[in-house]
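There are two complexes below, and they share chain A, which is joined by chain B in the first and by chain C in the second.
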Partner chain A sequence: MARRLVLPLLALGLLAATAAYLLPGLGQKWQFVLSLRATRLGGMLVVGAAIAVATVLFQTVSRNRILTPQIMGFDALFILLQTALVASLGPVGFAGLPDLAKFLAELALLVGASLLLFGTLLGRGTEDVARMILTGVILGILFRSASGFLARVLDPNEFAVVQSQVVASFSRVNASLLPWAAGLTGLAILAALRMARQLDVLALGRAPAVSLGLRHDLVLSLALILTAVLVAVATAMVGPMAFLGLIVVALARPLAGTDRHAPLIAVSILVSCLLLVLGQTLFERVLARQSPLPAVIEFAGGLVFFFLLLKGRVR
Partner chain B sequence: MRLWLALGLVLAALAVVSLATGAADLGVALGRDGSKAALIFWASRLPRTLAVMLTGAALAVSGVVMQQILRNRFVEPGTVGTGESAALGLLAVTLIAPAAPIWVKMAVTALAGLAGTALFLRLVRGIPPREVMLVPLAGLVWSGVLGAMVLHIGWQTDLLQLVQVWLMTGEFSGVIAGRYELLWIAGAAAALALFAADRFAILGLGEGLATGLGLKPAAVMRLGLVVVSVVTALVMATVGMVPFVGLVVPNITSRIMGDNLRRSLPVTALGGAALLLACDIAGRLVIHPYEVPVGTVLGVVGTMLFLWLLWRNPRHG
Partner chain C sequence: MIRVEGVSHSIGRTPILHDIDLTLAPGRITALIGPNGAGKSTLLSLIARLAPLQSGRITVAGLDVAATPTRDLARVMAILPQSLNVASRLRVEELVAFGRWPHHQGRPAARDRAMVDEAIEAFTLGALRHRFLDELSGGQRQRAHLAMAFAQETEWLLLDEPLAALDMAHARALMARLAALRDQGRGVVIVVHEINFAAAWADDIVALKEGRVMAQAAPVALFTPETLGALYDTPLRVEHFEGRPLVLNHL
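And then the complex of A and B:
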């Protein structure tokens, strides 16, 4: 009985949290305050949904419950590509491009690169999971260093731009990009929901999936493409958040009570948005913003991941 | 023996290049004004070259020590949280007692590095040695968590510049005479490890076997931890975090000449000095007359070497 109540309850909770974030203490200049808060709220919802779905998809592709695309260096790859684009076009040519064209170009590059890299990695290393994760982590460090390197070679001043991307924050959500990000995320989530049954089969592993008549490699590539799109959107909006997805999906699995993708995706999205909005409300209002929420989530998520590793969940 | 000689020659050549490389042209300065050239040479070029070689050698040796303590080839002080916890200590003492004399800061930094590493050792004790990939993975996540703390404290206290430029990315451009001499102590600590090389080799065989051979594993482990944290703390405080030297150099040496540490440890030290000096020179030349920090260069070169080591030889971790 409780299972059927999970979705409505979560939705109600999210609604209440949204109201608690938007409404109190609006004061005289309420239009300004409301539009500022609405932008941030929109950013949180888009990022929360994107990260939740990306993590579910990635865990299915890698057949591993403690991985997130960010742990494997997806977001670092995105930042590297951004930097490389600046380097090849020059700062002026880069600034001349419209925001959207820039974003789409970066997105296309990320999808290509991640298919190439993680497609081969995931196809190859599944028998030694720890080595695969270690490789991903090291690749992440490599990408980050390479973008730092490129930024310095490009122009010592550009260094600050790349460095500012190292820390995630919701206060940098770009209002003009928000509708596009929301649209892309929505499309990707719809696609993931339409593929839900194929994803259920994909999760069984290669041999069973093929014998059940699934075009395994095609579905795997599609899932990776969707993951790349979602990670790119989230990273472009607020910066790298490695462990949010881990916490969210770990919470959502028992709540959903099933590994079928359609309900799991829905529950994960709600849990993720609820966590972000509640957390942000708590930090902005109650704790008077002593520390940014992403930093806290990253810290807690890192510790959770560490202890999951020690407990041997990865083996 | 031939390896010795070859590495020594390479290092000497690199040192000459390093002495001649920099924003100011020594030859031009010499033609115009001999005393200016001498000043540049004695106050900047020579100290910098020495500092790089000392750091590289000390880090490579402490990497070996760490690998023997943990009995895992894919770890080094920078990837098990020693560096990050030392940075935490340095940050704490900078915030709480900014006027403390330098040796107090050093001591606190070293103690913090020691505490962080010891805690990690306790936490990973349950992982069996044959789970080769799990310890470095846990170590990287552990240092990531500690590093996030450092970043966050830096952010809160408006010290982010200091944290990112000074602590998290090692670079030698600030090294001048009078500012690097502490690294000699790091060199001395690494030399101490050279004298105890045979003990560390036995320690790497496992506690049971080591005890059977008449060694006190706990004592050797303590010595190793002290060496590693002193080296890390001094390097951290003088030039910042220098990653991956302690990881790739020992692995390559052991691939070539095996694990008789008495023979291989000096070669490892030479190799570490050579690698770091080569990276530092590269960082100075790429955007001459500006510089790329050696930590960033190593982040690229070191990770590539690490990936190669990781995939090239899966069986004998």
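And then the complex of A and C:
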């Protein structure tokens, strides 16, 4: 059947896209160019996979197909953190921060904040996912207005530094952080795949899942923790990308032809990486632009969101 | 045997159940009846461990529902909850196949597949088995969920208003199916509003009112104008038809 070809075809496509991104026009200083490109490519693969899996998990937990975990205010918290750091340390101090320590601290803060938020779920009946999401949305608005306030009191130079930090871009990928990000993402994805069968049962809803003997609240919490780690890694690597996951999973569901998690996760990862690598190749080589890809993806993602809403078949 | 000992429950500050003591026997169909808000669904969900116990103790087939691993309980009782809302886009046979999950944890064997076929057959879902759930009517979806609970092959089956979305033919077929399970020695507990289904098919009736057990008896003994009238706070005529009570609640 054609469904069986989906995974191999996507994998081949990704391989071809990777080659098309890495190889052409290396020129004289090929070692330097290649290592630069390889770092960016690594960033795209890690971020693509992380966001794809995080979105699949979050849509299962929230029982909703038009949500991405970023609506919980992750990007807003990230932006607030960057703004606050620049405001307190100044541009020079900010640039002098050690990369790894900053990355790990951002990660810890993002994961910690989401665990606090998800923690509001526990002990009050996990049926209340909608309440948690609303809390996240409102906190997001709070963070955004706080960074808006800080931005107003910054001087223009400092503000320019903040701007460069809070717009997602793959040229920001830092080679020394890549192994950490890749390791964390890999572990989280492995855990998600191991849980795939339990996630299938989780999607039936709380009562049927409990009736079937699933430790529902435990599986739900684990899925949320994995979501938090994956989103935090992606955000700390390249900055906030709200809509990528939405496009990717909306494309992956019909391609996978099933809502079973094991194939859906695999297809989503491939679609996500393929989209990023193809897009970046197109923009860097054909259109000779530096890094507008995330912006374009956000724009397209917004359109997909409207399409899903207007199509009306969302739950 | 299902034993409920000293169970009280409140939601927020509203008390729902007061010190319930009950014993439900296996190999019988037990119907929980009572007016809206009597606590029937709450009691059923406590037995089914869908909500945590606040006080008292409940055992199903000797297993304490608060202390036994949920996976072991899933091999002893299956639940059909009142509201069914599946997030995944599933086909009927995929849903029914989930009923075998407690037995194989994701790796179905031949025995599991045979049981799924039997459940699909039993609830006349053969023509629908490849259809998606969200393309079915409420009653058809209800039958798919019933088939899933049936495929779980448990000693106890707990059903919360299973007749709500079913037409006459399927409602009667369901009760006949439950009676067949009872004859195999399994226990069936159902919450019903259609009082005459309880009168015609149940072996035991538990009448709940305002969070207390008002009466527990066979239908013939319990379905009298006096008891039913007091239970529902409304005058009711009760006739008899072929040895079973028949409540003329629509007149």
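Quick note on the criterion: the second predicted complex is superposed on the first by the 227 of 315 C-alpha atoms of A that agree within 3 Å, B and C clash if a C-alpha of one lies under 4 Å from a C-alpha of the other, contacts with A are read in each partner's own complex, and residues count from 1 in each chain.
What we mean here is this: a contact is a pair of C-beta atoms (placed from the backbone, for glycine too) under 8 Å apart; a residue touches a chain by one contact, two chains touch by 3 or more.
Note that the structure is predicted; figures quoted are calculated from it, not measured.
Asks: One more residue to check, A:T60. First (chain B), second (chain C), both or neither?
Replies: A:T60 sits against chain C, while chain B stays out of touch.
Asks: In the superposed arrangement, which partner chain does A:S211 touch: chain B (first), chain C (second), both, or neither?
Replies: So A:S211 only meets chain C here.
Asks: Which partner does A:R3 contact after superposing on A: first (chain B), second (chain C), both, neither?
Replies: So A:R3 meets neither chain B nor chain C here.
Asks: Go through the superposed model and pick first if A:L134 touches only chain B, second if only chain C, both, or neither.
Replies: first
Asks: Quick check for you: in the superposed arrangement, does A:F299 touch first (chain B), second (chain C), both or neither?
Replies: first
Asks: I'd like to know which partner A:A203 touches here: chain B for first, chain C for second, both or neither.
Replies: second
Asks: Indicate the residue numbers of chain A shared between its chain B interface and its chain C interface, in ascending order.
Replies: 315
Asks: If we count contacts the way the header does, which residues on chain C are in touch with chain A in the complex?
Replies: It is residues 45, 48-50, 70-75, 77-79, 81, 83-90, 95, 98-99, 101-102, 105-106, 145, 148-149, 152 of chain C that touch chain A.
Asks: Please give the residue numbers of chain A that touch chain B in the complex, ascending.
Replies: 128, 130-131, 133-135, 137-139, 141-142, 144-146, 148-149, 152-153, 156, 163, 166-167, 242, 290-291, 295, 298-299, 302-303, 305-306, 309-310, 314-315
Asks: Over in the complex, which chain A residues touch chain C? Could you list them?
Replies: 60, 63-64, 197, 200-201, 203-208, 210-215, 253, 259-260, 315
Asks: Within their complex, state which residues of chain B touch chain A.
Replies: Those residues of chain B that touch chain A are 74, 123-124, 126-127, 131-134, 136-138, 140-142, 144-145, 148-149, 151-152, 155-156, 164, 169, 286-287, 290, 292-293, 296-300, 303-304, 306-307, 310-311, 314.
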